[in-house]
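Got some structures for you, see below.
Okay, so subunit A shows up in both of these, paired with subunit B first and subunit C after.
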Partner chain A sequence: MTALPLVGFLALSSALFVVGLFGILTRRNFILVLIAIEIAMNAAILNFVYFGAFSSGTGGLTGQAVAVVLIGFAATEVAVGLAIVLALNRLKGTINVAQATDLKL
Partner chain B sequence: MSLEEVAFLVLAVVALITAVAALLVRELVHTILWIAVFFVDISAIYFLLQAPFLGVLQLGVYAGAVTVLLLFGVMLTRKRIFSREAATGVDAVPLALALVTFIFVVTSVGELPQSSQTIQSYDPTLLSQNLFGVNGPWLLLLGLLMMGAVAGSIYLVREGRE
Partner chain C sequence: MLDGLYGWAFLVPLFTALSFVIVGLAGTRMRRLEWGGWVAVAFAGASMVVGVLIGIGEMVNPGTYTDVRYTWLHLAPAPGPFPNGFSLVVGTLVDPISALMLIVVTVVGFLVMLYSIGYMHQDRGLPRYYSEISLFLTAMSGLVLADNLLEFFLFWELVGVCSYFLIGFYYERPSAASAAKEAFIVTRVGDIMFLLGIFIYFYHYSTVAPGWAANGFLFTNGTAPYLGAALGGNSTTLTIAGIMILGGAAGKSAQFPLHVWLPDAMEGPTTVSALIHAATMVAAGVYLLAVTSLFLGFTSTDQLAIVGIGGFTAFFAATMAVVHPDIKRVIAYSTISQLGYMVMAVGAGFAMVGLFHLFTHAFFKALLFLAAGSVIHAVGTQDLFKMGGLRKSMRLTAVAFAVGGLALAGIPPFAGFWSKDDILSAVYSQLGSHPAYWPFFLLAFAAVFLTAYYIFRAWFLAFSGDHARDPGLAHAHEGPWTMQVPLVLLSALAIGAGLLVFLPGFQSLLLSGAGASGIPPVYGTTDLVISAASVTLGLGGIALAWLLWGNGRVYALPETSAAQPVRRLLLKRYYFKIGYDWIGAKGVYSVARAADFFDRYVIDGTVHGFERMFALLSDRLRRIQTGVVSDYAAYVVAGLIALFAILLIVAPYVVARLGGG
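Now for the complex of A and B:
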């Protein structure tokens, strides 16, 4: 039987989420922002699996099922994000998020 | 310390190092190499948590598909793929915000039991019954969302749009 501390896992995923948050706030390249979103998303998905794995009954199954669906959501989000990157690159010639200001008033 | 705890510590340290390195290196191609290692590491954590199906899914979807998609993004948006990014310094305000969030989360989970607990392992058959039974509507919703995403992506990158 595998035995592990839940607190360590929670510390890991909160640290990963914070790294992703930092990347989203500071990076200027759209692809790097997407990668930072993926890091934060992975940290969030890990949480479902931990709480499932450490719960009794069939909680672990629900946690894993939610994680499967969320992995699909995250992959879809990358695909749409990259479509936006390509559209932005064609329109502006750059993928710097600081210059994507067309929606500003 | 048990063998599993040592494995978890190693995997956690590698995950943090690769995540930070992916965001800090200057060449975008190197970023994608780091993020591929990060995804493989997360997949190893799933195996450690007795969730082999999720581990394989993570390897296929993230370490495989998402990494290649990001590489395509890099290849299509720059003339020389190994050109370096302009150096972006580490801003104080986002760093402080990130640290405050981290400290808040860690102090709020500190009340949970610190000792090691056993991890339940499930037969993948049970997982598939759960996934296509109780949680079936969510899978259908995921399929609809993916169809919508395909249509939206084609709309965004279509030719002759100025």
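Now for the complex of A and C:
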């Protein structure tokens, strides 16, 4: 099997990140924003997997390990994010991020 | 024996300073307001005892310089403007001239203070009056005793502010308030010049005599003047410094062209006029010139300027006194004129002669003022044309005023004769080597005639005739004993102060000051001729006054007379006051307006411009803070992109341009 070049994989994860970023910036529904964040984050995790696979020696294993840890982080992040969604809904009666403007001084 | 007292000279200002504090703080709480006055009189008497004893000590043992000082602040030598260090010193210096002045200040101060008890008795501001006049005596004796130029300047300013307080004593009267302001502002012009003069001396002597500043601008090193005239040489710098000192003296001593404030200063109580504006403070300018000429030295150009100002002022002020209807202002012009004589004497190099005239003048002029005060106290007006016939009801005052007038007119053996004659013959002796003095000598000589005329015009108007011209003034009477005693004592001094020159001790006191030559009794033929001429002029002036005003006559200049414009010019004081007001209103005000414009629109405009710019910018910038999380995320992304753009595109370009690696 001819190995695909690293740059192809990086292009894939970059595309995935941009999709996530686009979602973060454009969605108004907080849950969709959270999903977009997950997509962007997974793009980053993918990079660890690629670099782990393409490197030699124990470095490869490290990449895989970090990826697994980050998946765990992503889960906790979603938990916190959904808690915020619930709290926001209770407070404002909506989960539209455009209406949550209390960060303004 | 009295030398031991020299170290205690500081007691003179200290006593009156205590009186200032006590009367100033507790005066209004005393059961009767005069009690504060008696406290002040007691302290003034104590300082008079010390002052006169010091004066006598200096007469017994003349020519000693006793300097007791305390270094208040010392800067160690360091490279820069003070290569030998720099000291600020406070101290007392007892030497011939300060001893002479100390007698004048304390004796006249005490007598005026005593007189005030009678004169000021109905006034509610008495505690303020006594505390201010005590402060004035403190400042004046401090000035006289100062042993260095900076201390001198300090007390110089303090007497100025006391003069301001006391001219404006009746501050609820607008004319008094504005006269006080005028006096303060006009003398300020001189004070600035004096300060500049100190700076220039400092600059000059920091190279010629580096130890001078290091030791604190002292007048003397303990045995003799610290800096002689010889040390400085005849440089332009010293000439300018001398002119600046002359400016300071002209401000304080009301010499032309800064003379305008003194006649207006008569708005204050008459006692203040007698003490401050006749005997002591206005003499401080002459004292400054004397101190400068003895200890620092004037150049010949300075001397000509001083003689010129003095001689011209002596005549100029006398002409204005000739027509004035106000008894106090006539005497005030006379003071300016007499100060002109003193300034002229000091300028011609005879500091001790000038100070001798200062000494006698202080007594007879204070006498004239107190006698005038007695008249004003009795009749309630200062207008000579309302008075008349007062010699019947006020015999003592009439005699006292006449004694003062004879002394002023220079009739022997009254005090003014000896000192004024000294000045004339001293200046005359310089005419050979300094022909430029001639016109000023002649002006001063002519002023002798005017002096005798105007003072006896005032006497005849007030005291001669059968009755007062204003019928409302019929019941005049003498003041209480506190007013009569000073009149008697000052009359005695006005007769005797000049004769003191025949007292060996006093004579050697005068002669022990540097630049003292020409003091009698060293009469030669020329001196006798000058004396005879000046006495003749004086008698002529009195005779003219008798012809025009004697025996209740009132001379009215015919309306068609060619002299009418002159009379108007004199009454308008040569338009100096109007001119200065015009300069103030138009010139200074325009400058002030321009400065105001600059401040308001250029300086404030810049500040406010920045303020407005940032307000505008921040208003724009504020709008990007929406509180919406996704907007912030967008900014983060935009920032990230910008960062990448800088790192990947701009930075390599810049590095390539700079040629770095």
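The rule we apply is simple: the second predicted complex is superposed on the first by the 103 of 105 C-alpha atoms of A that agree within 3 Å, B and C clash if a C-alpha of one lies under 4 Å from a C-alpha of the other, contacts with A are read in each partner's own complex, and residues count from 1 in each chain.
The rule is simple: a residue touches a chain if its C-beta (ideal position, glycine included) is under 8 Å from a C-beta of that chain, and two chains touch if they have at least 3 such contacts.
This structure is a prediction, so every number in the text was calculated from the model and none was measured.
Return fit or clash for subunit B versus subunit C, each positioned on subunit A through the superposition.
Subunit B/subunit C on subunit A - fit side by side.
So in the superposed three-chain picture, is A:83 touching just subunit B, just subunit C, both, or none of them (first/second/both/neither)?
first
Looking at subunit A, does subunit C or subunit B touch more of its residues?
Here the partner covering more residues of subunit A is B.
If you stack the two complexes on chain A, which partner ends up touching A:67: first (subunit B), second (subunit C), both, or neither?
first
Who does A:21 touch here: subunit B (first), subunit C (second), both, or neither?
Both partners, subunit B and subunit C.
Can A:29 be said to touch subunit B (first), subunit C (second), both, or neither?
Touch partner of A:29: subunit B, not subunit C.
Please work out whether A:102 is in contact with subunit B alone, subunit C alone, both, or neither, and reply first, second, both or neither.
second
Now for A:38: first (subunit B), second (subunit C), both, or neither, which partner does it touch?
Once the two structures are laid over each other on A, A:38 reaches subunit B alone.
Please work out how little space separates the C-alpha atoms of subunit B and subunit C at their nearest point after superposition, in whole Å.
Minimum over all C-alpha pairs of subunit B and subunit C: 7 Å.
Using the superposition on chain A as set up above, list the residues of subunit A that contact both subunit B and subunit C.
Residues 21, 25-28, which sit in both footprints.
If we count contacts the way the header does, which residues on subunit A are in touch with subunit C in the complex?
Touching subunit C: residues 21, 24-28, 33, 97-98, 100-105 of subunit A.
For subunit B, which residues count as touching subunit A in their complex?
2, 4-5, 8-9, 12, 15-16, 19-20, 22-23, 28, 31-32, 35, 38-39, 42, 45-46, 48-51, 53-54, 57-58, 61-62, 65-66, 69-70, 72-74, 76-77, 85-86, 88, 90-91, 94-95, 97-99, 101-102, 105-106, 109-110, 112-122, 126-127, 130-131, 134-135, 138-139, 141-142, 145-146, 149-150, 152-154, 156-157, 161-162
Where on subunit C does subunit A make contact in their complex?
625-630, 632-634, 637
Could you list, by residue number, the parts of subunit A that touch subunit B in their complex?
Residues in contact with subunit B: 1-12, 14-23, 25-29, 31-32, 34-36, 38-39, 42, 46, 49-50, 53-56, 58, 60-62, 64-69, 71-80, 82-87, 89-91, 95.
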